[in-house]
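You will see subunit A twice below: alongside subunit B first, and alongside subunit C after that.
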Partner chain A sequence: MSRPSILTLTSQVLRDPQAVVVAHDTPADLGWLAPRLLAISGVGAALFGAVVGSYRGGEQVLYAAMKLPILLWAPPLLALPAIHAAWRACDVEVSYRRLAVASLAGMARAGVLVSALAPILWLPYSVEVEYHFSVLLFAGMLVLAGLPGLTAIAGAIPAGGHRRWIAATGSLALIGLLLAQTGWLLRPFVARPTTAVALLRPVEGDILSGLGTTLTSSLGLYGDWDAGRDGLLAREPR
Partner chain B sequence: MSVSNPALALPTSVALALPLPTSVELARAIAGYALLGGVAALGAGEAAVSHAPVGLVSAVGALALTVPALLVAHPFLTLRAAPQALVAAIARPFTRTGDVALGLVPTLLLFRATSGLAQLLLALMLVGAAGLGFSLAIRNLVQTEADASEDSWSVWKMTLLAWAWSGLAALIGARLGIGVLLDL
Partner chain C sequence: MNATTATLALLGAWLLLGGVTALVLARRGQPAATALSALLAWPVLVPLLADAAPRHAGPFATRIDTCFTALRTALADPSATGIVTAEELVSLEHALRRADGRIGMVDRLLAEEALRADPLALQLDRARGLAADEIESVLRGVVQLRVQVGLVALAGDTVPVRERMRELGARVRAMEEISLA
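What follows is the complex of A and B.
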């Protein structure tokens, strides 16, 4: 069987990700496909990341371009074992390989779509919109591009089984939770122009405390943020 | 001796629609529940170590304490399904949700390493796994009775029994879990 070029593969992933999943069902296929799909999603996400980093400019462009692909890759990869087990619990037999190919195709689809959204993001960033609005725009576009990626994964699940809605809801909640925490760990993506550039912030707080602070700040209620350091990797400041 | 009332006749052959889990499947499920609790307690000090078996104790304890009661109530209500079929109908969701618990270990490990949300997430994960398990067990139990009985009255009784059993098992599981966490 002749292998498609990377451009053809990109087109296939956008048009019909299920066809990619069905056509690549052997271990050899996975070995050939995985690096290509990761490269497609990585390049797309990095382009988007560079635009996100352009809000602050300078080294932040490079940092955000490096981190965005990880944000796209980590949640599905971490959630894959639980998603596989949840569908199996509902008597839907789907192989790890099929689920892995579908996840990779979904990530590639989201990566390409998010890169297409980059110019739309750049436009308001270029006129220096307010910081909180720029963060919302960034998050909104990630969700917008991420949903078609998730449909690629959902489409790989065979019909049948019982209580499918539980597995579907659980899978979606798990990926959402992991996306939120991974985004929290890899922050900052959008940095204020006045702040110092940093690749990563220290491990502190969590996404829930961050959201709570953002909510109260957006209501004009500013206070001290208690950066609880409870994780194993968290360190007390010196 | 012939039995004139079909409701009193014992099941003569046991054709299990669902197979009983293998020892490997059982071991994997137990490992899943044990690891999930263990990961949440990782590096959290001596007190947290005693909390590690919370998932295992609540899941296994709830089944050990309530399945015998179900097996007693089932023939008492003149239902027809074989006891082995009932055990298989409950054991399969237990092993499958144990696999889910095992699959959730990497996620919980990430949260344990990077945040203080691991305990909260562990509770949510256990509740979610229990919800999935009970939902599947109720469905399996009702289907098992429907396969063994011909009258809708028996299926209706089995539905009530399955819901009552799952409610009892959920309460006992919660009690055991809270007992481990609060050292009761």
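What follows is the complex of A and C.
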């Protein structure tokens, strides 16, 4: 039997990522799968990023399309060794290679799902919704697409061990925290139409302070904190 | 160093590690796409670095790939869950690959003009033929295993599959023991 085409693989990670993990557990399989699953997740995330950047328009479309795949890839890649160690500490025998394939399948699944959500996000963006609401909408959709991706990783963990809930909660918390902080470091994704366009904004505070500000601002309570108007490749609005 | 510079420095370190991983994988004969993937996603490709040095594949490498990919796909079906463990399958496949690698090594020896003239070469050639026949036979057994997995899906009796798996494992182990003797 020949290897599946990239379209078949896309369909498999969407319908049954566990089957992909089970059917590909040799080193040769990992080498074959990695570029394909990264391409699927990268293209999906870039499409979603382009829609997110369309809120501001101009160069922001390109910048957001470049940064979204990194946002999708970074948390599982950074967390992988820690997740492996956490499950081993709970006496669950899972190979690093199996977790790596599951992470790739999870990322690809999330990438396909965010690209499917892109038109839904585009609709409110095209009628110019309020900025803070657009940020929350973006974050919500990312979480919505990310959860089925996480289930692909969780499904690869074999039964057994003890106190599994510690490893499960720790893994989820770690990925969530890394997603949030990576998003904060790589911002802006949704830029205000009146602000400067920048590839990366200076790091001001952290994700928790930023979320607090966004929530209060979305309720109409504005404080004295505002996004800086400088950053890497920053350009003032015309 | 401000925070944005620190972010860029971390990104540079990530790419540097990725570049080294990609270089090592490329030198070990991995396809260019795999090596390039390591540039961005090296943590998932670390298991490929743990693999021993590049192995020379034998004449059955493609057939082993084909047989085991097909078997894994059949076993991934929900109706076939738990019949054969991933470890059993990996162990059988690795043993077959080792046997295939040994045949590949013998083939390279027999291809040398000087060694072919040696009186022992005939004996080596005969032993190579026997080993190749055994691999052929085990690969046919793996194909039959797929058929039996299909029968399990309909009849639900997993015993024949487990017995066949045990038999194949024993035959491959016997090949290893003979070669080690």
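To be clear about the criterion, the second predicted complex is superposed on the first by the 213 of 238 C-alpha atoms of A that agree within 3 Å, B and C clash if a C-alpha of one lies under 4 Å from a C-alpha of the other, contacts with A are read in each partner's own complex, and residues count from 1 in each chain.
Assume contacts are C-beta pairs under 8 Å (C-beta built on N, C-alpha and C of every residue); 3 or more make two chains touch, one makes a residue touch a chain.
Keep in mind that what you see is a predicted model, and the values were worked out from it rather than measured.
Contacts of A:143 after superposition on the shared chain: neither subunit B nor subunit C is touched. By the touch criterion defined above, A:3 lies against subunit C but remains apart from subunit B after alignment on the C-alpha atoms of chain A. In the superposition on chain A, A:81 makes contact with both subunit B and subunit C. In the superposition on chain A, A:73 makes contact with subunit C only, while subunit B stays out of contact range. With both structures placed on the common chain, the touch criterion links A:104 to subunit C but leaves subunit B unconnected. Legend: residue contacts after superposition of the two complexes on their common chain; A:203 is shown touching both subunit B and subunit C.
Legend: residue contacts after superposition of the two complexes on their common chain; A:35 is shown touching subunit C, with no touch to subunit B. Contacts of A:26 after superposition on the shared chain: subunit C is touched, whereas subunit B is not. Once the two complexes are laid over each other on the shared chain, residue contacts for A:154 go to neither subunit B nor subunit C.
Note: residues 78, 80-81, 185, 203, 231-232 of subunit A belong to the subunit B contact set and to the subunit C contact set alike, using the contact criterion stated above. By the touch criterion given at the top, residues 78-86, 88-90, 162-163, 166-167, 170, 174, 177-178, 181-182, 185, 203, 205-208, 228, 230-234 of subunit A touch subunit B in their complex.
Touching subunit A in their complex are the following residues of subunit B: 42-43, 93, 96-97, 99-100, 102-107, 110-117, 121, 128, 131-133, 135-136, 139. Residue ranges of subunit A in contact with subunit C, taken from their complex: 1-3, 16, 18-19, 22-32, 34-35, 38, 73, 77-78, 80-81, 95-98, 100-101, 103-104, 185, 200-203, 231-232. Only residues 2-4, 6-8, 25, 30-31, 33-34, 36-38, 40-41, 43-48, 51, 65-66, 68-70, 72-73, 75-77, 86, 89-90, 93 of subunit C touch subunit A when the two sit together in their complex.
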